[in-house]
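Letters are used for the chains, namely A, B and C, taken in the order the chains are written, and counting of residues starts over at 1 for each.
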Amino acid sequence: MTFIRNAWYVAAWDQEVDRSPLARTICGTPMMFYRRLDRRVVAMRDACPHRLLPLSMGIREGDSIRCLYHGLKLGPNGMAEEMPLKDDRVVPGLCAETYVVAEKHRFVWVWVGEKERADEALIPDLWPCSAEGWVFDGGYSHVKCDYRLMIDNLMDLTHETHVHSGSIGQPELMEAPITTHVEGDRVIVTRWMAGIDAPPFWRGALKQEGPVDRWQICQFIPPSNVIIDVGVAPVAAGATIEKHDQGVRGFVIDSMTPESEGSMHYFWGMARSFDIDDVGFTGRFKRQQGGVFAEDVVVLEAQQRSMLANPDLKLRAFNIDQGGVRARQIIDRIVRAQMEEQA
Amino acid sequence: MTFIRNAWYVAAWDQEVDRSPLARTICGTPMMFYRRLDRRVVAMRDACPHRLLPLSMGIREGDSIRCLYHGLKLGPNGMAEEMPLKDDRVVPGLCAETYVVAEKHRFVWVWVGEKERADEALIPDLWPCSAEGWVFDGGYSHVKCDYRLMIDNLMDLTHETHVHSGSIGQPELMEAPITTHVEGDRVIVTRWMAGIDAPPFWRGALKQEGPVDRWQICQFIPPSNVIIDVGVAPVAAGATIEKHDQGVRGFVIDSMTPESEGSMHYFWGMARSFDIDDVGFTGRFKRQQGGVFAEDVVVLEAQQRSMLANPDLKLRAFNIDQGGVRARQIIDRIVRAQMEEQA
Amino acid sequence: MTFIRNAWYVAAWDQEVDRSPLARTICGTPMMFYRRLDRRVVAMRDACPHRLLPLSMGIREGDSIRCLYHGLKLGPNGMAEEMPLKDDRVVPGLCAETYVVAEKHRFVWVWVGEKERADEALIPDLWPCSAEGWVFDGGYSHVKCDYRLMIDNLMDLTHETHVHSGSIGQPELMEAPITTHVEGDRVIVTRWMAGIDAPPFWRGALKQEGPVDRWQICQFIPPSNVIIDVGVAPVAAGATIEKHDQGVRGFVIDSMTPESEGSMHYFWGMARSFDIDDVGFTGRFKRQQGGVFAEDVVVLEAQQRSMLANPDLKLRAFNIDQGGVRARQIIDRIVRAQMEEQA
């Protein structure tokens, strides 16, 4: 088992879930998601308790779902409401498993472990995704790799130089020192570039001349989120690692939800507090970011295949990999604790 | 093992088998079928006893088959007749396994178990498929599901309302009571609708006004056949469950031959004793029936995948499923007896 | 294990390997090949020792290869030369495995076993592929079958009559006697056709009338090469099995390199000492030979699938199969010796 179970995972973008069911397998469990008339989200095992046909093939009736095969009708709490033959007495206790869901920061989150432990306060605080004065948009990709390979990828931005040489890669990134530290269950990798010339993207956002301080602060938040605080501020503004909202700032948001041991759902986006009324900027940036992440998908799927084709070889970690190494240690520790508790 | 072995299975429609070999895997065994000059059907293991190339790739010579690879020639009894080098003495006993076949009711049947037990009297009596005064036609589909899922499907016609809502489904079907009973190795599910208004299809066939009695009598016959006696008769004719040939009547014929544990060959058709000279009717009905069964294929393949994706869940049976439940009990009993006998 | 490991295998045609890496899995090991500036060939495990991304996706820099993911740079000896962060000290001993390669007879050969045993003198002597006065050309096919099925195929040319009935097959081939003998690790199957009428192909090559002696001498050379000495000479010239270069002569060259237990790389060609300045002949012959071998691929892949579908059946050997049988005995003996040595 490589997944943390008692945790919130992003199941979908809020706009992906509507009245018609959306099928998505989360941590090995087929689930389906739809909205009630009051827009609250229902998450249910994607298998009719009668003959296991995926409920996502069914028809929604009011807040209930009716299986396409024999017409068993289940309420949004998963409980059977009507048998295939209307007059038949509903079998007591007949139901599909449901899952605790929450909607926050533009995502639908699902708790895959023990229901009684689900606490919305444990949802990762992706505040830039929903704060006033911020704009957030992004996309979704299905990736055929272990979700931890994507965490490794994001916790070490040196790969940008090579994988993204045609887009965001810049040789200077390789020269700036990074520091990695752990705070509780979080891992923070910081790269602070003081008094440099701003690259074109940030120069355009900042809309003023002169040397800047630039930062990239990657933060791993269990079970599988990485948010990257990025931006620049004029040197004169005196930005520091502790406080750096003097210039232009954004957050790259990445949430990696395991589908199986060898595949994942990738939710990515960018939240920003500059040019927030420029809708064209949002669309252009999302297109560009989608292109960049497509480059990562090619690499990660090749890496996954190579791991299977070279079973005698092990992944090695260098200094640049400290972020990923620490994140995996935290995942391993939580998974192990979970297993011990169950045993 | 989920197959009955000492039994006749439909291997093909009669018109599917001709002088060129037809390859088809039956109950896990690759077989091939062709007709001798006198039109009798040969069934042989689809692997040359020399280097295992499928014999179905070979060339038929008279009643024999010559392997495409090295030219070993086998007679219709499977015995080697000529070695790759013509002058080489034929190896004594060299042969491909053959299977007992019979042709009846428009189908080619194969006995997959112990040859000495093959008895044509055991072929299911699908008399409407070959009786005088009856017309029979139908089709073939390959379906990626356990053959027992299709038996479940056919022994419970309540699914028509939902799966076939655009074609043959009718809400009234859900309201008519059904009875299930077992007679020896057969299961019979009866739905008798007395004094109702005939639906358009049957009204057209009957060609007269007034209330009718309508019936649907599903019968499971091992190892894996379901025939459904359907029709209507004017109320005044006094039809009964025991005797109901006063009006218009047909039989839906379904034979499910296992290919593997997770796939099957589906032979379906309709025999009727009305409008038998209307060739256009036959063609139109076959097209319609093909469309209806294609809807079942979508559902059954999704059900098969869902069973694999949800290994912790079990199929549940309600009242409507009694037909399928009884049929599976009979299959299980025969398979178990078979295994005990072998041990 | 069905492969001999301490042996030279053809990895590629010489012209397939250039400055950009070529990925090819040899005996189950993913490898990649490229040429140094001095044209010498490098063979390396196709997985970066850092995070296992295939090195064949990387960028060559001078004689070194830089991984596309994080930019680890490896020299042609596999040793790390530069870390992802340029200033980081190179981890001592960090390297990708390399393999001993040699270039001979127009092929790139790789030694997959213990390096210290690699001796170029052990490369099969395919002298017609590189001798003065000879022309050699051919092609490559990926085949989804156990490499030993192709050896069986080539060591028994009676299959030509059936598989290649539309091209090179001739019934007379079936009538000429063959002899099989073993010389050390080699198997030689000889078919000598004395005083026959030359077929059109050889008549055209010989450019004179009258009866000829014709020969086909198949030779298996471990680990998995078959070369076939073919040609005709006027009867008056007195050709013998021992000495037969009086007429026109060619060698069909076949090298079967295992990719996995169920797939192989097929390198095939024809070396000839007649019409050597006729470039058109070379092209036409290569096209024809490619077509003939494509017929074999269809048969061998069907045979491989049939072996898996009929696990209860075994390959049988007749007289015509003696060449293949002896070749497999030699392979088995060497593999067994190898395993005993390791144990």
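FYI, contacts are C-beta pairs under 8 Å (C-beta built on N, C-alpha and C of every residue); 3 or more make two chains touch, one makes a residue touch a chain.
Keep in mind that this is a model prediction, so the values were computed, not measured.
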Interface residue overlap between copies subunit B and subunit C, same or different (over half shared): different
Superposing rotation of subunit A relative to subunit B, computed on C-alpha atoms, to nearest 5°: 120
Chain centre separation (subunit B, subunit C; CA means) in Å: 49
Junction residues of subunit B - those touching two or more other chains: none
Contact set on subunit B toward subunit A in their complex: 152, 156, 158-159, 161-163, 174-175, 299, 302-303, 306-307, 309-310, 313, 315-316, 318-321
Residue ranges of subunit B touching subunit C (in the complex, touch as defined): 25, 30, 45-47, 49-54, 57, 66-71, 83-88, 91, 94
